[in-house]
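The two complexes that follow have chain A in common; it is paired with chain B in the first and with chain C in the second.
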Partner chain A sequence: MKIAVLQFPGTNCEFETLVAVKAVGMEGEIFRWNRPAGELSGFDGFVIPGGFSYQDRLRAGVIASKEPVMSALKEEAGIGKPIIGICNGFQILVETGLLPGSIEKSSGNVDMALAQNVMVSQGKIVRRGYYCDWVNLRHEAPSKRCSGSFAIERGALLKIPIAHGEGNLVTTTPGLMKKLNDEGQVVFRYCDKNGRIIDEFPFNVNGSTESIAAICNEPGNVLGMMPHPERAFFAWQLPAFDPRKQRPDEPGPGRRVFESMKRYIEVNA
Partner chain B sequence: MSMNRKINLRVWLKIPDAEAATVKNTLIRRLGFGNVLDDVKKERLFSIEVDSGDPEELAKSFAKELVNENKESHIVLIDELKFEEDYVPVKVALHIEDGEAISIRERLRSRLGFENVVDVKKATVWKLYFNTLKPEAQIKAGEIAERLLINPHKDSYEIMI
Partner chain C sequence: MKIIGLSDPQVQTSLRAAGIGMSVPEARTIAGVLGRDPTLTELFCYDAMWSEHCSYKSSRATLKEFLPTDGPNVVMGPVEDSGIVAIDDKWCVVISHESHNHPSQILPNEGAATGIGGIVRDVNCMGATVVATADPLRFGNPYGPKANKVRWVAEGVVDGIWQYGNALGVPNMGGDIVFNDSFDDNCLVNVVSIGIVRRDQIIRSRAPPLAGEKGYDVILIGKPTDSSGLGGVTFASEALREEDEETNRGAVQIPDPFLKNVLFKANDDLFRLVRESGIEIGFKDLGGGGFTCATSEMGSAGGFGMEINLDDMHTAADFPAEVLSIAETQERFLIVSPPELREKILKIYNEDWDLPNVYEGARASVVGKINTGDRFTVTHKGEMVCDVPIQHLTEGIRYNRLELPRTIRVQEPDVAEPADYNQVLLQILRSPNIASREHVYRYYDTEVMGNAVIRPGEADAGLIAPVRGEKFGIALAVDSNPFYGRISPYWGGATAVAEAMRNVAAVGAVPSTLTDCLNYGNPEKPEAFWEFREGVKGLAESCKKLYLKGYEAQQQAVPIVSGNVSFYNESPQGSVDPSPVVACVGIMKDFSKAITMDLKKAGDKLFLIGPRFDELGGSEYYRTIFGETGANVPIVRFDLERNMIYAVIDAIDEGLLAAAHDISNGGLAASVAEMALTRPARFGVELDLDCVQGGDIGMRTDKLLFSESSGFVLEAKAGSEARLEELLKSYSLEPMQIGIVTSKRRIVMSRAGECVADLDLDEARNAWTAGLVEAMR
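Right, the complex of A and B next:
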């Protein structure tokens, strides 16, 4: 079971992502964007890690989305291989049209955007721009719905950090939000520590429509999420106020995303 | 009848513009525009509406705040916006709320005391240099905008010819 962790110029989370991949028992390697794209077919799954591909020039993720490696990745998605895009990886998947669109769509239509953060509280904009914090996520999809949350039960709460300036899901596509909700494509929402969805800052950390933090494509093999599970993979990575930090041998909540990917591959092999 | 005046600041880098170079490379090497596109340059555009004061003098003050003369040049256009003939200008702006433009407006009004500032709009103008004649160049400019320069869920564009 071999995972490619894609690296574009400006990616900066590839090494800790690779550690997470290997720590759950998968093989993995960093796959540079300028390797022959056809070599992707030798892998069983893919992670596009966080960072600032191409320095976020033009807008986050768009330049990387035009690379040949992403065309090859579309083909891999089309045969059901799992892909997880984290933060900038999510932005790249959106600009590629892999999310939220169905993989049959060959036109490369972009159905949504991850726009600049706008933090709203009590009807007022209280903050904008880059934001970095620990957030609570509620798993919205049924287990086995999505590759990256395959082994996570619906309603589970995960504390995972975010760090981004453009994570505000917006769309002008008619009916898209209903489709995402109806078809279980909303994978995680931002919530409070008890799992309540409160659609304003500081719970909705970036103004994202319906507090959405992660979505998957229609078949469920492609997941995009703004939070960074690789930064909460081990308990020792948790913030000082979390009692689990004192039990460093325990797994962190982010581990469940990578375990899910492994389980998804095992079940679908 | 409104007596408001509009001060347009066109601002561009006088050092190499890496973002414009990346856009040019992507258009030529990845999106197949190499046979028609010669070059890509970029400007920032601030359109500042004021309800009083001498616009020429105000423009000088605004430029001090919004332009870094160490690396940028600019020109001022009052109540008009025109571009040179040798490229197709494509103006890209957010159609969702533009937080940066609002921040600039508040900075000018509240922190710097320009209470005559009514509104600030911000855009990027992509200057597309083609080796084809105008009608085809305009069509290509539209294609470039839709395939790369904008995400239609948050941006809109206008070809400024």
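Right, the complex of A and C next:
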């Protein structure tokens, strides 16, 4: 079971992401953008890690989305291999049109955007732009619905950090939000520590529509998420006030995303 | 340029007309050594290399006289771009500390960003992985006459730091911010960076042995050289004048974290190549002084000569030789390597990492050769533009500056004790210098790399666990209090060291090394030079008397392995308050033992160590409540200080403490409040001030609460109190059990049976979290 961790110029989370991939018992390697794209077919799954690919020029993720490796990745997605895009990886998947996966099949449209964060509290904009903090996520999809949350039960709560300037999911495509909800494509939402969805800052940390933090495509093999599970892989990485931090040998909440990916590949093999 | 035979005023005129900052005697010395009139390029090269910034011409003698730079853990002292200390037998910490003050005042965003960009190169070029940065920042008064400019600078600096650091992918793990009117026209933007490297994989910034005999290549990599940052070091070596603002803008470099990100990964491949081939190379970043500084210092450090051909350099346009020589174009490195590695090295940068396609004009180019001579020669378009003795160029010059104590009148204010301590406490918590730093550090990516154990705001120091599978942690903290420095430059220096060490001790780490960035005014003015000397003396005294833990018997000083001197932080309106900014690196053998400062459990007992003295000079209380400075600046009682630091480290190692926080700005009251207000902010406290003993007996309640004498507040784990008291007493400390953690969300303080303060936790938290937002809005 071999995972490619994609690396574009400006990617900056590939090393810790590879650590996470390997720690759950998968093989993995970093796949540099200028390697022959055809070699991607030799891998069983893919992670597009976070960072600032091509310096976020024009729009976050848009230049990387035009790379030959992304065309090759579309084909791999088409045959059901799991792809997890984290943060900038999510932005790249959206710009590629792999997420949410168009309503009109194969139209290849970009149906949504991850816009600048706008933090709103009590009707007022209290902050904009880049933000780094730990957030609480509620798993919205049933287990086995999506590759990256395959082994996570619906309603499970995960504490994972975010660090981004553009994670505010917006769309003007009619019917898209309804479809995402109806088809179980909403994978994680931001919530409070008890799992309540409170659609304003600091709970909805970036102003995202319906507090959405992660979505998958219709078949469920492609997942995009703004939070960084690889940074919450060990319990000792948790913030000081989390009691699990004192039990450093425990797995961190983010580990479940990588375990899910592994489980998904095992089941679909 | 003609110098020989001309009068002093004539030489002066032609130097200034050419944009060269050196003095006439300096120019004559150069002409004398060369035995002819120097070329324009030669003068520019000397001007950069002999600038205060590159040559430490005013400061070197003082630094050498006082600062301890050696110790049993020192792998490399302050000789190259970064200092290196050992963590254990295998791993080392690499640390560097610089200022980017002038550029940040002119163009805050670019100035602060290139500050980060430069410091991470200094660490990376030792063969290290850069794992953290920290930014000590000093801004003017956000409510003063220059509030608009001050806020513009502050916002731009913070933006520059996060935009560069986050994109590069290096977490920002610490730093501090102080607002003070002496920084109205001269902000201070210091930057600290640390890296890790295996002891057997350190790469030196010098031409390796036999480089001359074997004709090693000089390879320039990175961004194409342009004219940005032209004269940056000269600009950093003069006071700021408003009328020069246009010219000064050109001296600010242009940052590019994206290219740096790719370069770092390519450098990793270079390091791997070096390891696998077993061949030593020289590697250095291009910073102040640009291409000339990096090349000539590498050659001279190896004892060799060097020949450069500027026609082989990749450039952004057709610039004159003097521009190519000293422009401070960012994102460049220099390699000195044997010819047999040439093709492999070029392939790493030009093909594997595809620099020419990642960034227009970027690449690796062979630009020269090392030889066994003693000259630094540069040709451009077939002409010899520079031919000088390499050692003469790099050794610089020395000045013995005059010092004269600055006479200032200080006195303790005669103020009445406040009637309403709740209001006083709220005002202090809301002060921009005490308020929560959360507004700023939410911009900083602390999580990238996945190494963060303790983040900014959670404790007095940041802590990272940078190597998977290893248990050690590295703590980092910075400190310098300009208000103390104003009253006493000496105690300003001494307290900076003590507080930085307290900060890393408060998480449980053992202070291992220090760096200093010495920010002062114009050293040609005797008062400013005196302040500098006093500050260095104070720093040195603390280093020498607080001892490296584990080596007390030998009275081993805590070594200072890296640093920087930043003079000329002044404008016609005056100079900055003396600011010897100190960073402290602490090592923990087992990072899982580290603790934070937030209160953990209702019922836990709070202990104070460190008696209270009448030391409110430069205090937050005097300043915020009365607008006064005072005179009784906190001093360092070296034996007491050392005992407190050691006791806290031991107590954390034994697992006796649930939380710890040092006492500094805002005194005991602010420290206790911060422990309650730091997330998750679930608990209140009840303090009984009658339990505060020792120190100056019978002090008024306000002095007791707000004195900034050093100390710690410790939350003991239930059941550990007796052992804690025993441990503290073994260090000759008087444990003072001053209160308990409560489940009521109130901060309550009483004395002699009467309530002094009784503050709602949420009201206090609102004030504390709003203070910085309001100051930076």
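As a convention for this text, the second predicted complex is superposed on the first by the 263 of 269 C-alpha atoms of A that agree within 3 Å, B and C clash if a C-alpha of one lies under 4 Å from a C-alpha of the other, contacts with A are read in each partner's own complex, and residues count from 1 in each chain.
FYI, a contact is a pair of C-beta atoms (placed from the backbone, for glycine too) under 8 Å apart; a residue touches a chain by one contact, two chains touch by 3 or more.
Bear in mind that the values here come from a model prediction, so they are computed numbers and not experimental data.
For the composite obtained by superposing both complexes on chain A, the positions of chain B and chain C are free of clash and fit together. Legend: residue contacts after superposition of the two complexes on their common chain; A:I63 is shown touching chain B, with no touch to chain C.
Residue contacts after overlaying the shared chain place A:Y54 against chain B and chain C alike.
In the superposition on chain A, contact of A:A163 is made with chain C only, not with chain B.
Touch criterion not met for A:V222: it reaches neither chain B nor chain C. The superposition-derived angle at chain A (between chain B and chain C) is 70°, Cα centres, a multiple of 10. Partner contacting the larger number of chain A residues, of chain B and chain C: C. Once the two complexes are overlaid on the shared chain, A:E230 sits against chain C while remaining clear of chain B. In the superposition on chain A, contact of A:L6 is made with neither chain B nor chain C. Contacts of A:I125 after superposition: chain B is touched, whereas chain C is not reached. Contacts of A:F15 after superposition: chain C is touched, whereas chain B is not reached.
Applying the stated contact rule after C-alpha superposition, one finds that A:E95 touches chain B and leaves chain C untouched.
With chain A used as the common frame, chain B approaches chain C to a shortest CA-CA distance of 5 Å. Residues 54-55, 129 of chain A contact both chain B in one complex and chain C in the other. Chain B contributes residues 18-19, 22-23, 26, 30-31, 94, 96-97, 99-100, 103, 148-149, 151-155 to its touches with chain A in the complex. Against chain C, in their complex, chain A makes its touches with residues 9-13, 15-16, 19, 32, 34, 50-52, 54-56, 129-133, 161, 163, 228, 230-231, 233, 236-237, 239-241, 248.
The touching residues of chain C, counted against chain A in their complex, run 162, 166-169, 257-258, 261-262, 352, 354, 358, 441-450, 452-455, 458-459, 465, 468, 591-592, 596, 598, 679-680. The residues of chain A lying in touch with chain B in their complex are 54-55, 57-59, 62-63, 66-68, 95, 110-113, 115-116, 118, 125, 128-129, 170-173.
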